[in-house]
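Structures are listed in the sections that come next.
Each of the two complexes below includes subunit A, the first together with subunit B, the second together with subunit C.
Up next, the complex of A and B:
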């Protein structure tokens, strides 16, 4: 039965030929490792977010009077609602961890160098879009945690002279976080951002497909002497994508799911605070409220640097540098261990980020 | 050229709603409403005056004490007890017809509190405490045990030798405390489990209401200061608490099921991961 269906499809679109050409006969470079699967794991993580998010969307009510109650109903009355919501919360945090590791690895392996500048650019924009997903999604439960974290985060732009207040008001839809903010964030979270993400993710995958896996053994002459597209690099001394690398993908996908269900089983509230299940009260500021962990570093940086404008300026400059890095670092050398200055800066950046994240907790 | 005109128009169309007049409507309907869902604790002019330099120093601590009280947590504001208009100082404190009470006379305190705590007032007035107040004007009133503004959630610890021996020997109070002990212990246990469950997102609101009602009824009886009555009613209230406990335990079991279900998925994915790892290796 299945064979007949497969044959019916195959004779129309050439599925067998596609699998043979793109998976079995495509050899990935010999220096790829489990770290190279993190992009795929990010995709899996995002698919989990999309599926669980669509489920939550069918029960969530985006109104300040009902949002918190609808979350409690999802957690208590809807069959297996608790599972989908906990997966969504834990998944969002795990996705950020995997994303950070993916970026670190791609940078370490110089995966942004020609001909992969567009891979990096689309990936960096995806990272920003996913951060926006996190910010907008954080408010939706309308709890004390979400309300006051959003109040802190939306106040940050006010540091910018001149237009800062306007930007902050634009984000919130007024002076304070209110019902307008909730509906605005909801619309962004479920309609606008998914559309942007799908388009950019499709471009990202398309660029990866056309440029192939990054390797230290890439021909440095690509797009230098030869200025026409010569096809995806072939690594005959490498390993076939299927089954060798495909198994790595599957293994890492299961590692991701194991991590997710380990947290859900033993500490489902790991990424929440005691204020996560208290309804938002604009007149009662909880003690020790802070943004989610992945925003602690920028939050701490603004607090640590006495001049707030300088703090936000540094962050904006770092963001621009992050986006356009492939167009600044255009040298041929891909091995970061042969570039001590870059390796030093890279190490300092990671250590600073960890320290600032730690400081942001207090 | 046409493309640029289209883009400019598109930007204008998208930007216009952000500054259109309907934002005023939103301002009224969204921003000015207490979107936390709970009613606002109206501080009004009471706190303004009671924290200002013109206030008698003895009354300056009142707002701070009130903000630490169970009344504040339950959104009970100054005018709910003292009357007056929290939006207008002149009407609030200056004119008797506004219903402003100010500091009630010692004898009148039970009636003031009893406007909300109706059942407790009824039992208190029949008790030795209430009769003493009405006949001699010196018996204990509500604030003797519960305090005036920093009123805390009542517990069995209110009955202690320091407080009770101000007026009489501790012996009778000790017997009463023993009679209350088993019921109060169960109330405390259930309250603690519910607090912990609520922090995990469990919907315990109905159970909390039932516990609150049962506790309030039981404590109403206590205000008769009749040990025999409290002892006679203890079994009845323990049964009521037992029913609440049964429903609470079914909720606790639901959480255990969740954990087991999640553990099952953990084991499943671990097994699949191991199989994939073995396939990859060999």
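Up next, the complex of A and C:
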């Protein structure tokens, strides 16, 4: 029966020819490894967030008087509600881990060099969008952790002289974090940001499809002598995408799922503090409120640098550098091991990030 | 200018105008509403604030702490820490106001003693009337 359905579809859209051309006859470079699957794993991670988020939407109430109670209902009374909510929380944190690893690997392999500048640019914008997802989603449970972390994060723009106060009030929808903040964060989290992410993710995947996998053996003359599109690079000495590399995709997807369910089973509170289980009290600030781990480094940087405005300016400059990096590093050499200065700076950046994350906990 | 070029330019101008006429209402829609000019006063009883103690109250959506200092009398301060917006508390043992988030310390008059707070706590207007204290 499946064969009949397949043949019916194949006759109409040429599915066999599509699979043959895009999967079986497409050869990936011989130097790709498991690390090259991280982009796919990020996509899987995001799909899990989208699906579990949609399920949570059926019970969640975005009102300060009911938000926390609706979360308690999901966790304690809705059948398997605890599973979807925990998948959403653990998935968000695992997604950030995989995303950071993906960015590090792409940078290390110079996957941003021509002709892949647009891949990097769309990927960098996606990174910012996902951070916005994390910020907006963090408030929704309306717990003490949510409320006061959001209060601190939305107060950071006040450091900017002149317009900082207005920006902070614009984000919150008022002087303080209130129900107005909750509803606008909810609207961004479930409507605006998903739309933006789908558009940019589609562009990102499209550009990757057109430019092919990045390899250290890419022709450095591409787009130099001949300024028209010459097609996706062909690696006849490489491996067929299907089944060889496709199996790697599936393997890493299952590693991700295993890690997720391992944490859900044995340590579901790994990414939450005790204040995540107390309803928000706008009149009582708990001790030692901290942002989530992926924001600890910028948080610590602002605290470590005496001039707060300088601290936030450095971070904005780093963000801009991150976005436009392919247009700054335009040399032909892709192997970072032959570029000791860049390798050194890259290592220092990662070590600094780790140290700041550690400092941000205290 | 050729007709095609004119139509391209016209289309660009009309599109930008349409976009701008959408962006302005969107910006105003998301902007925070202005605070009402008519502010309400809150009345509390003097006996609610014992000597050496403090009382927390909300005044016009601002969390406020009223401290009864033996030497300085009644002082009303905003509880919103000037660092990153956490709410401060009065520690009667040390006679200081402390922020639980990043350890900013203030005097009972709201002046910064130590920590990352850049400015003193905002003082709230306070009026003593018989057995009552009017704040705001």
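The criterion applied here is as follows: the second predicted complex is superposed on the first by the 362 of 362 C-alpha atoms of A that agree within 3 Å, B and C clash if a C-alpha of one lies under 4 Å from a C-alpha of the other, contacts with A are read in each partner's own complex, and residues count from 1 in each chain.
Here, contacts are C-beta pairs under 8 Å (C-beta built on N, C-alpha and C of every residue); 3 or more make two chains touch, one makes a residue touch a chain.
If you're wondering where the values come from, they're calculated on a predicted model, not measured in any experiment.
J.: Label the relationship between subunit B and subunit C on subunit A in the superposed model as either fit or clash.
T.: Here the two partners, once superposed via subunit A, clash with each other.
J.: Quick check on the superposed pair: does A:247 touch subunit B, subunit C, both, or neither? Answer first, second, both or neither.
T.: In the superposition, A:247 contacts subunit B only.
J.: Touch check for A:176: first (subunit B), second (subunit C), both, or neither?
T.: In the superposition, A:176 touches subunit B and subunit C alike.
J.: Per the contact definition in the header, classify A:255: touching subunit B only (first), subunit C only (second), both, or neither.
T.: first
J.: Going by the contact rule set out at the top, does A:283 touch subunit B (first), subunit C (second), both, or neither?
T.: both
J.: Could you figure out whether subunit B or subunit C reaches more residues of subunit A?
T.: Partner with more touched residues of subunit A: B.
J.: Using the touch definition from the top, say if A:76 reaches subunit B (first), subunit C (second), both or neither.
T.: In the superposition, A:76 touches subunit B alone.
J.: Of the partners subunit B and subunit C, which touch A:184 in the superposed model: first, second, both, neither?
T.: second
J.: Look at A:156 in the shared chain and tell me whether it touches subunit B only, subunit C only, both, or neither; answer first, second, both or neither.
T.: Only subunit C; A:156 stays clear of subunit B.
J.: Out of 42-50, 240-248 or 258-266, where does subunit B collide with subunit C after the chain A superposition?
T.: Stretch 42-50 of subunit B has C-alpha atoms clashing with subunit C.
J.: In the superposed arrangement, what residues of subunit A touch both subunit B and subunit C?
T.: 170, 173-176, 180, 282-284
J.: Would you tell me which residues of subunit A are touching subunit B in their complex?
T.: For subunit A paired with subunit B, touching residues are 64-65, 68, 71-73, 75-77, 82-83, 86, 147, 170, 173-176, 178-180, 182, 243-244, 247-248, 250-251, 254-255, 257-258, 261-262, 264-265, 268-269, 274, 276-277, 279-284.
J.: Under the stated contact criterion, what part of subunit C meets subunit A in this complex?
T.: 30-33, 35, 56, 58, 61-63, 80, 83-88, 99-102, 116, 118
J.: Mind listing the subunit B positions that touch subunit A in their complex?
T.: 18, 23, 26-27, 29-31, 33-38, 40-41, 198-203, 258-259, 261-263, 265-266, 269-270, 272-273, 276-277, 279-280
J.: Quick check: in the complex, which residue numbers of subunit A touch subunit C?
T.: That would be residues 148, 151-152, 154-156, 169-170, 172-176, 180, 184, 282-289, 303, 308 of subunit A.
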